[in-house]
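You will see two complexes here that share chain A, one where it goes with chain B and one where it goes with chain C.
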Partner chain A sequence: MKQKKLLWFLAGSLCIGSGIGAGSPPPAGGGSISGKVTYTGTPPKMKPIDMSKEPSCAKQHTTPVMTENVATGPESALQYVVVYISAGDTTGAAPGEAARYDQKGCQYLPHVLPMQTGQSLQIYNDDQTSHNIHPLAKVNPEWNKSQPAGSPPIDTKYEKPEFIPVKCNIHPWMHGYFAVLSTSHYSVTGEDGSFSLKGLPAGKYTVTAWQEQYGSQTQDVTVGAGDTKINFTFKALPY
Partner chain B sequence: MGRVFAVVLTLITLVSVAFFVMHTWWLPPDISTTGPAIDRQLEETLIGTGVLFLAGQLILAFFAWGASDKTPGRKMKMFPGGPTPLVTAAIVVVGIEIFTLTFVGSKAWGAIYLTPADAGALRIDVQAEQFAFYFRYAGPDAKFGAVHPEKIDDGSGNYFGLDPANDVDARDDIVAASLVVPVNRQVALTLHSKDVGHSFYVRELRVQQDFVPGLDIPLHFTATQTGKYEIVCTQLCGLGHYNMKAYLEVMSEEDYEQWLKTQAGQ
Partner chain C sequence: MTLKKVLVTFALGLGFSLLIDLHPGFAQESHVGNLTGNAGSGKQLYRRYCIGCHGPQGDGNGENAPWIDPKPRDFTAATFKCRSTPTGTLPTDEDLDHAVQRGFVTTNMPSWNPLTPQQRADLVAYIKTFSPRWKTEKPGTPINIPPETPVTIESVLHGRELFQKMECWKCHGPAGHGDGPSAATLTDSKDNPIRPYNFSTGSRFKCGETNTDLYRIFMTGVDGTPMPSFADVIQPNDAWDLVHFLRTLQSLHTPEEGLWKKYAAEHPSSIKPIGPDAGGQ
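Take a look at the complex of A and B:
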């Protein structure tokens, strides 16, 4: 995987370096930005969550679910970091398909759900118990809704960009985020910390990486026809 | 009609009393050192109120039977002096009953709730919140870290508002969602509420105590039998009240120490 990315990077540099494509405009959406988010220092220990008070959820997990506020992977990778174009993106309307958020096993899946402003958001309760989802929005309108087992999904949307912490008013350990973004170019890092923003026309962009505990970092990037590599590093503290 | 009423009333009364006498729906066996005193008090209260209940209902049935006598010219007997002395007498009799029960009953309660815990009791901090209980142990250093309400963050598991970055005492505090205690050792809880009123109730311990936001309420008990028991909230606290529970796990001293070690490692 890593090698393949490196290859793309080399191919991209070669294209720009050798002047191929100069004179003819690069095909629209040809460029991309990719890289990895890592940490330095010692991140806090994630704690196992005891769900014994909710047996229908507890029995869905063979190993304990851990807290996810600083989720890490191998080689100092940082997971659940939202990497997105924060300036320079001129692409338009929200996609037609809905962003899906699941309450399953008394956990929010995915932990961080990215979506575009105005995009439809559907929230499912897949559990045999009631949930009460409460996104703690400050810029957008705040609401909380009870969703008993077997209820139809909640269909909603957010109009303004914001990182919204989400909690369940019934199960205090449940915790996630909505990342409402005004761009369609975003990526959430996986366990390997990698991200990729594809389909970018050549130009200058500001890229922001956001982590729920460590906040935001930005980098200015000039994108050409190929893939542009950037990395983010967050400083982790044990407490 | 009066006779039918009298018979039905007598039957209902006798059947109701029979359920109590036969202990048809009864408390689960007691597992605490203070439980027997509460059970004895409960029994005395039930006998006292039961005798009065039986007498009251049977007297009512007796008069209902008598009043159904429709013999012409028969004179109805009234309470001497009419309704005013009747109501006054009722208030005095019921008042004496209630005050007696309160006075006698509060002795058993006070002997448990108004005595301080032993110096060597195992101290555990309890945080109640909508809709779960969390329990904090001091950890290897035997010191509880200070609590900072503004630092409470359920998402990262900081249910008590500890500040491990600046407070060394807080770093080894153990927080669990079950109350795990060793058998035959006194446990002294301190009850806090994060939000609204809650209640700590374990039937088998015969212990029930409200959480009041803003107060640190002490509560102690000694469990005498190992096992797993339910802790339920018995103060209506919101939408998820029905689902607010945790488990009390009473273990042998060795199992408890092992559990603590496992928790400290996490």
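Take a look at the complex of A and C:
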């Protein structure tokens, strides 16, 4: 028994050390959920963005930046899908580490930024131009701040769970999302559509996958000691 | 406990719950100066004067709304344009009262100055019943506005530099005509097209007409619109310089405009253009 506890402790510290997951120490539990998000049908073609009105940004890109509202990868993978535990979770307090959002080359990096309610959010302007950062919150307060080149980062946070579209009115092609979640168990799919939720104690959970254009899907999952595989498939429309 | 006592307690309880039921805004008041606004009275006034545009639910979907641009305010979101408080925070009761009293130029919202101050305070109390935010949040702390600095040509010129540096021209245009490169793409938070302010159209702004109003507008931002808050990025003295420059963009004879015209006539070669050609970006 003692040995087992030690193992959990080691596994836990490893997760923290390597920055896996949400940045918060996952509660004791060896279960995990992983899988892939894909699409069927024909997704819309992402369009190249014309940044010629902002030369300081345009010159940072050798190939045109594409829109990202339905970002896809090889083998029908769907990128920027937020997969998170929407019910059954026993999440602790928000992690002390801030979620970082960058405005670079007149793009939001990352396109979708997940964070926990109450977690510090820091927004940087790495460009040589002014941005106004305008998160269009509906549940949380809506604010809109100017951030000229060289300004210090904006330090803020959100108290209620919400998917908040973010835009810059000066550069209307800039679009991103804050995914404010009440759980610390979340994952945003990469180019290969894969996700992984770690550190889950055995039990029953509801997992939700959210895509900015296609909305949410949920699945009920029973997690045991090992990894539980689930997949999500979104029906893509060509417009 | 005797039967009588039980009955009295029951009757009292019933009375209280009825009182609350009949006055949904019972818990919500407004405080404007010495006046205390009552949401119950405000509701009667709202149904007479405001409902046509702002709608029975206060969501800005009244029966006149389809024909109105910009759209009537949606009180359920509790996002307000004219505030003395920082961006993202609730306005003070005075802010809302001023908005009702002043009206909004270049929109369909008239001045409600003919109402009595008590009636306006009642309306403010009622408007606050449409969003739950008023129950859980306090209004923001009004921003500090230091005394205005003297109007000098140095102040105007520095304000002009800030207009370039802060990229005000990207929306408001190099001459403040509301025709900057981003102007055509602007939408409000409900995706309705919206125009940046054209400084040459007059002396009144949506949120007032004095220099202090102008200062407050760009420092707190116009929430729900593309106009951001500059409170974190412009120092108070610089903000007054920007106010002085903005006055030169108006088609009025302001002291600032006089100073600027004189300077421009005497130093034609030292004036750099505003906009994308100004360089230094």
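The rule is short, and it goes like this: the second predicted complex is superposed on the first by the 212 of 239 C-alpha atoms of A that agree within 3 Å, B and C clash if a C-alpha of one lies under 4 Å from a C-alpha of the other, contacts with A are read in each partner's own complex, and residues count from 1 in each chain.
Here, a contact is a pair of C-beta atoms (placed from the backbone, for glycine too) under 8 Å apart; a residue touches a chain by one contact, two chains touch by 3 or more.
Everything numeric here is computed off the predicted structure, so don't read it as measured data.
With chain A as the common reference, chain B cannot sit beside chain C without a clash. Touch criterion met: A:145 reaches chain C, while chain B stays clear of it.
Looking at the shared chain after the overlay, A:56 reaches chain C, while chain B stays out of its contact range.
After overlaying the two complexes on the shared chain, residue contacts for A:169 are found with chain B and with chain C alike.
Using the contact criterion defined above for the overlaid structures, shared-chain residue A:76 touches neither chain B nor chain C, since it reaches no partner. By the touch criterion defined above, A:130 lies against chain B and chain C together after alignment on the C-alpha atoms of chain A. Once the two complexes are overlaid on the shared chain, A:67 sits against chain B while remaining clear of chain C.
Look at A:239: by the touch rule set out above, it reaches chain B but stays clear of chain C.
Once the two complexes are overlaid on the shared chain, A:47 sits against chain B while remaining clear of chain C. Overlap of the chain B and chain C contact sets on chain A: residues 53, 129-130, 132, 146, 169-172.
Within the complex formed with chain A, the chain B residues making contact are 129-133, 154-157, 159, 164-165, 171, 175-178, 238-240, 243-247, 266.
Across the complex, chain A meets chain B through its residues 44-45, 47-54, 67, 69, 129-130, 132, 146, 165, 167, 169-173, 175, 213, 237, 239.
Of all residues in chain A, those touching chain C in their complex are 53, 55-56, 128-130, 132-134, 136, 138, 141-148, 151, 154, 169-172. Looking at the complex, you find that chain C touches chain A at residues 77, 79, 86-89, 133, 137, 165-167, 170-171, 181-182, 185-186, 189, 221, 223-230, 232-233, 281.
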